[in-house]
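I have placed the structure first, in the form of structure tokens, so that the comments after it can refer back to it.
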Amino acid sequence: MDTYRVGIAGATGYVGQRLIARLAGHPWFRLEALGASGRSAGRRYADAVRWALPGSIPDEAAALTVGACDEGTFRECDVVLSALDAAVAREVEPALVRAGLAVVSNSSAFRMSDDVPLVVPEVNADHVSGLRSRAGRGFLVTNPNCSATGLALALCPLHREFGVRRVVVATLQAVSGAGLDGPRALDLLDNVVPYIPNEEEKIEAELGKILGRASAGGFAPAPIVVSAHCHRVPTLEGHMEAVSVELGSDVPPEEAADAMRRFRGDVADLGLPSAPAPPLVLRDAPDRPQTRLDRDEGGGMTVVVGRVRRCPVLGLRLVVLSHNTVRGAAGGALLNAELLAAKGVLAKRALA
Amino acid sequence: MDTYRVGIAGATGYVGQRLIARLAGHPWFRLEALGASGRSAGRRYADAVRWALPGSIPDEAAALTVGACDEGTFRECDVVLSALDAAVAREVEPALVRAGLAVVSNSSAFRMSDDVPLVVPEVNADHVSGLRSRAGRGFLVTNPNCSATGLALALCPLHREFGVRRVVVATLQAVSGAGLDGPRALDLLDNVVPYIPNEEEKIEAELGKILGRASAGGFAPAPIVVSAHCHRVPTLEGHMEAVSVELGSDVPPEEAADAMRRFRGDVADLGLPSAPAPPLVLRDAPDRPQTRLDRDEGGGMTVVVGRVRRCPVLGLRLVVLSHNTVRGAAGGALLNAELLAAKGVLAKRALA
Amino acid sequence: MDTYRVGIAGATGYVGQRLIARLAGHPWFRLEALGASGRSAGRRYADAVRWALPGSIPDEAAALTVGACDEGTFRECDVVLSALDAAVAREVEPALVRAGLAVVSNSSAFRMSDDVPLVVPEVNADHVSGLRSRAGRGFLVTNPNCSATGLALALCPLHREFGVRRVVVATLQAVSGAGLDGPRALDLLDNVVPYIPNEEEKIEAELGKILGRASAGGFAPAPIVVSAHCHRVPTLEGHMEAVSVELGSDVPPEEAADAMRRFRGDVADLGLPSAPAPPLVLRDAPDRPQTRLDRDEGGGMTVVVGRVRRCPVLGLRLVVLSHNTVRGAAGGALLNAELLAAKGVLAKRALA
Amino acid sequence: MDTYRVGIAGATGYVGQRLIARLAGHPWFRLEALGASGRSAGRRYADAVRWALPGSIPDEAAALTVGACDEGTFRECDVVLSALDAAVAREVEPALVRAGLAVVSNSSAFRMSDDVPLVVPEVNADHVSGLRSRAGRGFLVTNPNCSATGLALALCPLHREFGVRRVVVATLQAVSGAGLDGPRALDLLDNVVPYIPNEEEKIEAELGKILGRASAGGFAPAPIVVSAHCHRVPTLEGHMEAVSVELGSDVPPEEAADAMRRFRGDVADLGLPSAPAPPLVLRDAPDRPQTRLDRDEGGGMTVVVGRVRRCPVLGLRLVVLSHNTVRGAAGGALLNAELLAAKGVLAKRALA
């Protein structure tokens, strides 16, 4: 496969940094352009960024000059990965699409729009099929909220085999989920904050769309009722979720676990570089998954499940762990871009 | 009120230390004797204990000689507060009771026994009424599991006014709950462990007994179905609980919050020194209660509630915080002892 | 003693909050006015502040209207406690002094000025004696950097008895030292940052001034050479300092420890409400002081010392712990204000 | 190079686990046998170990049966890597040597013995030259204490070029340094403990031996006076050290930094698989190295230095970071074994 030229919008943020780190050595994609806010534009990336990942800035990014998040910056890109905040994305992403760019966004701004697929490739790769006709013209694809991503992956095989009706989920979310401007150490050491603005709403809305069906006029959500309780805990990376779920019928835990163990997802044959095999791993030990020990499974792209057992109230319960800034953000967006490339939806743009 | 002489069984453990700290300056109770395992017996308390609370060991405890956890050690005590591990309590507590001692225990060993009250004074003070006839003879009273305590206090006014039917609760529990031999820093820094042995079973069983009725043959549990998901998080003190609850009818969140705000509990008139007024505090800020900021409310005896809101699945949801080693352990046991004293169930023993 | 009316400049910051908390119930001082930046001015304090201390805002502060940090806001105050950032203090404090106000500041802006005493009452109370002539007119008194405060208190008895010549100190500083805008959790969980801007310079400069002599033209610093290595560690409160010190002669550790144990400081007879007795506590256990266990000694005003032992390089070494936002900031400033009141330097202003 | 068969003594401990993880896929070494305490002997490794590293147990270790730490267990091994506690090592290691085994130990038991080299290959590879005559017979080689390792690597180029005379070092050490039985979370969250038993003594003694010369009768230590202040801080991996150093002459910081930057060490030409190139990395940013961001440099084998600047007391100061359980333990021992293999000191044993 030829190499696609990739731009990153929101390149100085934490998810932007993760994108840059994951593009280093990528077999299909090559970093072409970086866009950020006005404060950074015009500076060398290495000077503009407050690099927060272990190790050093990859060479191919360090010396690039950061541009504004506009058409000019990305005009030689075959795809733009967007790690913009929602408020900025709301303005920037439609402008990029209007300019004919393929935008693959981690932002929440347009996830619930009728004409925007909300995609976890293993779960609903078919949601992007309507885009084929737009190849070469602009379009937008999004990946879900970090907590919704792990939940959707874990529940997908249960939904396919048994039907998911109701879900109560409590999340224990890492600080990286709030990005470089997340909570102060003073506010989170020896502490739990039981509130993350808009997070519960996102999880509750997005799960149904991901597990639903692409339809003529948009996307028909699966009729799943979700109640989310979100917490910020003093961990660096990895969102844990305690899930109680009501299925369409009474399903013994072993049977549910088997369904998850068998799950291969919809893109196992596409050879997507970022796709883990398998997408779900089940741990047998009663005290797993643990945030620090399991978040990097499959390079952070595998969702780890454990403690599948009966729930006295809803029927089934389990623990889900996923890496919030990899699978739930940068890796998820990159996997979507890979999906689009493999499906022929990404066009290589003629050089200007 | 005269002073009661108090013994502590399990005095070197973390809850034992909390008991000693809370007895310093207590208006009704005076520390009389300390019992611990064979390793400590015969040593000065200051030499036997690995003191883990801020500051120094209270003088009245430091110089006491630790005895074995047997009748001999406590024979001049009017009441023995037990902070023993369950396995030890299973042997020791019945022996003390047979020796005629009043034992007020934090241990889980006998909480679910038919002849043992499981008491949170504000909630079910009447559960001890059957003991009056045993004053002067031995008996055992217990307080619930640390997480069950906070849950029972928060749900009590809802149960009384609307009836609680089903509960899904996810806990975020501090390391002190596991005592001095709790998890290693290596196992908990930057980590969450989604499992605490036997904890979910305790919460699920105890809530019904606490909210149930004392009856002729024992205690008739309230028919509440509970599903608990327990997590150990890197906090020092304070258990947070995310609760979804199904009531007997559809109750608007404001009405539920009002019921909790009005709650005064059953012992408001007894003047118990450790009883907070009120037992429940509601915080309005959307990001409260927080573990570190709210755990010490009312000296650690007040349960703090927040985020009372609709639950799309079960009807109502809220966040509960209680101090696990104060309200949920040492303070809870001490409050039970105070209740027994106020009710005249504690007899002052003749000096040997 | 009559009550002095106190204003707080920088009332919404973390040190400002500590000042408000410590003024609640103060026997000599009464909160009169609050000043903060333009963003807060005109709002109720409870609405303007992001309260970050456990518990609730004291009632006497919650309902006050925040003013600007100018003469108008504080015109009925007998003393203004300043918790302003250095950059703001550089402008505001001289203006308040010119308006005739007594300003007791925690800021670093003017600590090293020739006409400004840098005071730890137990160590150099006499440095304020030159101010008596200015009572009723404006003047400025400062307290040292949080790390310098603990160091000065611990070394004072050694300096007085043996002479301190050279000091190498490594600090392990809590995040609260950086205030509400301190490091992000993402930057400090499971991490140490070996750099705090300008901190090493402050410690190295201030120690000599504090331990020096007030002289005609200003303050003659003690000729002590200091090398400071500063680290931010993931603790909430409490700065630990590992100190190697070269004295004027070879002093056995026991003798040095005795000098510290005997130390009562220069204000033991003044009855200052915030002065701890004694100002230094020595712990014998080899693993003390510990940050969390010892920082609240004496309500956070006592400095705790341990591990006094030989240093193979400089002669003597020890560990020092002090509460950075109490003794090292709010409590230190308040103690200075109490000293001025006791010495008659604070005038009660006629009401406007 | 042929493959050497490796045994691990102390295989269930944290350093033992690190050794197993680093042997997976090693080009020269193959895991042959595992020894541990009596409790584990006879069990499958996967059943005996409390695995504490991220991810799963490597397959080649999981199914091995753990033996006792004796000659029988290791009789087909060409080298035994020892991760035993000092007390056990004191008995076991001499017995293994007497049985003719080459033992490469991380234990402190014999580091200071006259006939045992204490080796950091880049620094004093020549200290093993006396062992060549013993190839095929038993001998013991050790690596230094985790903190001494980083210190020795950072100071080596300074010592070679300018002579190191006196060192004051304060360490900020991660909890993994205490192994699986290290401090409890209850004792270290929001805390610093300024004491690690025997650690200061080890650092002070070992540095001179490492930087000294092998001589006829043993090892002549470099005449360096060291004062160490050791602290346990709430980090998982990575020991930071704040170092003040007095050199043989006045050396500008830039010159000292250049010496460290040029340092290649004594084994750059041997192609040792675990040897990082270069062994020292200097960071220019004023706030680096940081524990979490820099500990994994060079796979955890590179020592990262920063903040090289003047010390007002001793002349030069700097910050050193090294990964305590990789470079300072498992990786250091493995590198020593590689050195012995490359130098022909390791003999391949005939199969029994």
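In order of appearance the chains are A, B, C and D, and numbering begins at 1 in each one.
Throughout what follows, a contact is a pair of C-beta atoms (placed from the backbone, for glycine too) under 8 Å apart; a residue touches a chain by one contact, two chains touch by 3 or more.
The structure displayed is predicted, hence computed values, not measured ones.
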item: Pair joined by more contacting C-beta pairs (B-D or A-D); value: B-D
item: Identity of the chain that, by mean CA position, is farthest from chain B; value: D
item: For chain A paired with chain B, centre-to-centre distance based on mean C-alpha positions, whole Å; value: 42
item: Geometric centre distance via CA averages, chain D-chain A, whole Å; value: 40
item: Interchain centroid distance [CA atoms averaged], chain B/chain D, Å; value: 47
item: Touching two or more other chains - residue numbers and ranges from chain C; value: 52, 189-190, 234-236, 292-293
item: Complex contacts: residues of chain C adjacent to chain B; value: 52-55, 189-190, 236, 292-297
item: Residue ranges of chain A in contact with chain C within the complex; value: 14, 52, 175-176, 178, 180-190, 234-236
item: Touch list for chain C against partner chain D, complex; value: 166-168, 170, 172, 189-195, 204, 225-227, 229, 231, 233-236, 240, 242, 244, 286-293, 306-307, 311-314, 317, 319
